[in-house]
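The letters A, B, C and D name the chains in turn, as written, and every chain counts its residues from 1.
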């Protein structure tokens, strides 16, 4: 395997030993996302308390990129303030859209941690959705759990 | 007489065909409104893709597939910038503008049976409006749509000078109107229409507005936001791009709700034998393997004209048009069909000569190396309007020189001598 | 192991892209079923047309217009000969096969309102039949036609080996059937179907028969008279031709009565604001400026494969397929999706590996320079049928060698090691 | 005007001084043909007697090629046996379809006479219909006048 392989050892490790895999019984929201073009699927459950993601578990099927990325995502966001998790999701999204030309600061690299290993995916348009699947599901689940509703509630109370 | 800052001799070197000889004399190509010639960069762009980066787009995970997808989607970015489109996802690649217009006409008739598309349905009592100076490609699809749905087909008439009858705009476009499709610059007359005015009227009555910019795109700056219509379409081969590719731009919120047109690969979300769902625009409207290399080369053509500058091209051609109108109108008996001055008109001049059929004019000009078109230019209602069977049409492009116009004028005189 | 008389090394020199390197190793292109690479003659054919003979077709009386029209109509002659069509007027150029199939589906639904086209009308109670192994481009147009007309959409199922259930052919195609559209060679399974048998059954019940020959045209001799169907379509880019051009062949007596599809320039006889009449096939179905250079280059591609010999190509690929099936099936756990022997199957092999997703297989093969496709190959119902999300697919062409197949086999083993 | 001009002097002469132009009052059939792509029109009247075209007159509008060709045609067929006229029509059709590669025997040239001047038209697909317009109308008019009905009557008497 060459050094610039898409399949960094970190990715293979997460794929073979996924973190937070399994669906917790105590949760605020569950979402199921599918990538129709390749059939990758993921189910994510989240539990929020005091503006933080206190628990997240998932189950899924698909390629190593989608599975490993979901594993890395769950490692990174569990225990984080929702706002921070969203900021990180945004950062990862930008990395995926960088077409292999991302310039990450050291701070970015620290924050993204294992997720940096997916940088190479951004060169393959067909795979970007795989790497994003779990992250997108996490974002939806958090929204489903009511996060952001407060800030959006102006219209509802009118 | 050509405008400052536009080096037409340098431009000519970019077009290999301009060194051709016809009947032993150098080619003078005055048929760009029919189809424009191609600069070497456009030709090379297709060839390079095939020789070095080719595969199918979108579907592949391998390196060539990624490269070609970047190139294809990159062309979409270029076209979006060229049109000043708010979003790249509003740019749909079609085969030509004819397909773009049919796409809309069929999508609208599919609304009759497509769940959730009620707002686009047409039926008896509804009206579809075009103008009397449309190209057949902007007439027949709407006549067919009227036939399929029972809607009424109407048009804004033209006056003796080849302009829309101004008062008819508000008379013909009414609350009954559902679709207004009109040409920006006429290919038969050269007339440039008041597109903002018509688009505004359409919006005021709640109709969809569609601009046929086939003859505008090569000649003047196109800004879809400034035009204010719902859809704008053009065709690549007239914009110095390859044959086989065109563009439909549409407002995203409309594209997102319109039913699909062609069904097949790439436009679907999921397919099961029990039923299928469709992906988002623009891919929803790009069924099957697209004209990959052609879209990429169209991107190159857009780069090419952008580098020359659309304002500079417009100035160059305006000067040529004024010069040609003067020269031609000095010919005994020659009648211009369309506006006789260079105000609000493009670099396309139709004319007739008493007693000499346009086919003979064009054929005899060809024998002098001059390529012009003769016929009804796919706008037969215009000929019917003026009671003539056909016209001879000279049309100019970035590579046209004033010397070539001199040759045209003396060529026409020579034709008159032969038939004297 | 390659067949006698077929010099694959000489063939490879015709394809410039084959000297590319991917990730530092020579390209091994095993994705020809997705889109084939282009020989230099095809690339040159387009470039030469633009550089020396370009203008719009049909409409011009000048020399360039005559030259390009000869070239374009000459390509039609070549395709007619390639298909053994009784008449050149039965050959319609389309953008791709997706458009060809949609053309038929829309023409049939236009019959509902087109005067004189009663015999083609579909409605509730009528049935449209496809097979379970169709490409999306031969599913969605018919689902849409069913939606527009109220007809019922049905299909012939496939068995565990990836073949049509023989007994179902007569069961599903009945007196209620009005259209049967089916694939000659499956792009997902490699299966070659009994096309004569199905066309005959369709004729016996009075249904129109349509053959999707997208994957057949590049791999075996196509003879429309021998097949006996009413329509046969293929797509240029899989036949070593350019992107952006396809072909629909149809029996003249049917084409002559079918309502037009796209409206616009070139497909009309006369246009007036009060109504239009349409010209004869093939031009009736070629609205607007066609993909001129692409059709001409497709003619060159047809010349190219004809010179190699379709029988020789078939033999070459049959040998490769047998060799690849042996090599791949020797890999631990590898499962072929589709026929497991080279009998009645083409040079397209889909497979799965336990515990490794096809996307990962394809991506890791790409890192070794090997281009294969992973996914549902636009035939998702096939994946649903076998309960798998996707397959990895290797497909061969005239330039494929047995060394490349050896590389594929060891590449797959390497992937297994990484995931071990 | 170069020697290989499409506009041979013969063509220009026929255009300026057309033969048999004008519609005779005594006729068996009249047809009106239009070339929709360029608007050329011609009306032809014929009179047949004893298997021969004893009179033919025409009127029309259009380019010099269509007008001159109709004039030449009328010169050639008036007084000819219908069968010979049809054979000549066929010959002219072949000439037009020759794409500039016709090889005419001396006998052909003799027979086609002034019509040989149209050989150059065969190189211009857009003009071939112009040159054929009058010839096609003549053929229709002759059919309209009942020629060929006898030989085709088998089906009708059955």
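Note that in this section contacts are C-beta pairs under 8 Å (C-beta built on N, C-alpha and C of every residue); 3 or more make two chains touch, one makes a residue touch a chain.
Not measured: the values here are computed from a predicted model.
**Q** Just give me the whole-number Å value for how far the CA centre of chain A lies from that of chain C.
**A** Here chain A and chain C have centroids separated by 39 Å.
**Q** In angstrom, rounded to a whole number, how far apart do the mean CA points of chain A and chain D lie?
**A** 79
**Q** Please compute the C-alpha centroid of chain B, do the same for chain C, then give the distance between them in whole Å.
**A** 31
**Q** So the centre of each chain is just the mean of its C-alpha atoms; given that, what is the distance between chain C and chain D in Å?
**A** Chain centres of chain C and chain D, defined by C-alpha means, are spaced 45 Å apart.
**Q** Residues of chain B touching 2+ other chains?
**A** 23, 59-61, 65, 270, 359, 363, 374-375
**Q** In chain A, which residues are in touch with two or more of the other chains?
**A** Residues 124, 126-127.
**Q** Based on the touch definition given at the start, go ahead and assign the chain network to line, ring, star, complete or other.
**A** Contact map by chain: other.
**Q** If you go through all the chains, which pairs of them touch?
**A** Taking the chains two at a time, the touching pairs are A-B, A-C, B-C, B-D, C-D.
**Q** Please output the residues of chain A touching chain C within their complex, sorted ascending.
**A** Residue list for chain A touching chain C: 1-2, 4-7, 12, 37-40, 61-65, 124, 126-127, 130.
**Q** Quick one: which bits of chain B touch chain A in the complex? Just the residue numbers, please.
**A** Within the complex, chain B contacts chain A at residues 58-61, 65-66, 69-70, 73, 269-270, 277, 279.
**Q** Of all residues in chain A, which touch chain B in the complex?
**A** Going through chain A, the ones touching chain B are 36, 99, 123-127.
**Q** Give the list of chain B residues in touch with chain D in this complex.
**A** Listed in rising order, the residues of chain B that touch chain D are 23-24, 357-360, 363-364, 367, 374-376, 383, 389-390, 418-419.
**Q** Over in the complex, which chain B residues touch chain C? Could you list them?
**A** 16-17, 20, 22-23, 27, 29, 31, 34-35, 37-38, 40, 42-44, 46-47, 50-56, 59-65, 95-99, 101-102, 105-106, 110, 112-114, 132, 135-141, 143-144, 147-148, 153, 155, 235, 237, 242-245, 260, 262-268, 270-273, 275-276, 287-294, 359, 362-363, 365-366, 370-375, 377-378, 380-381, 384
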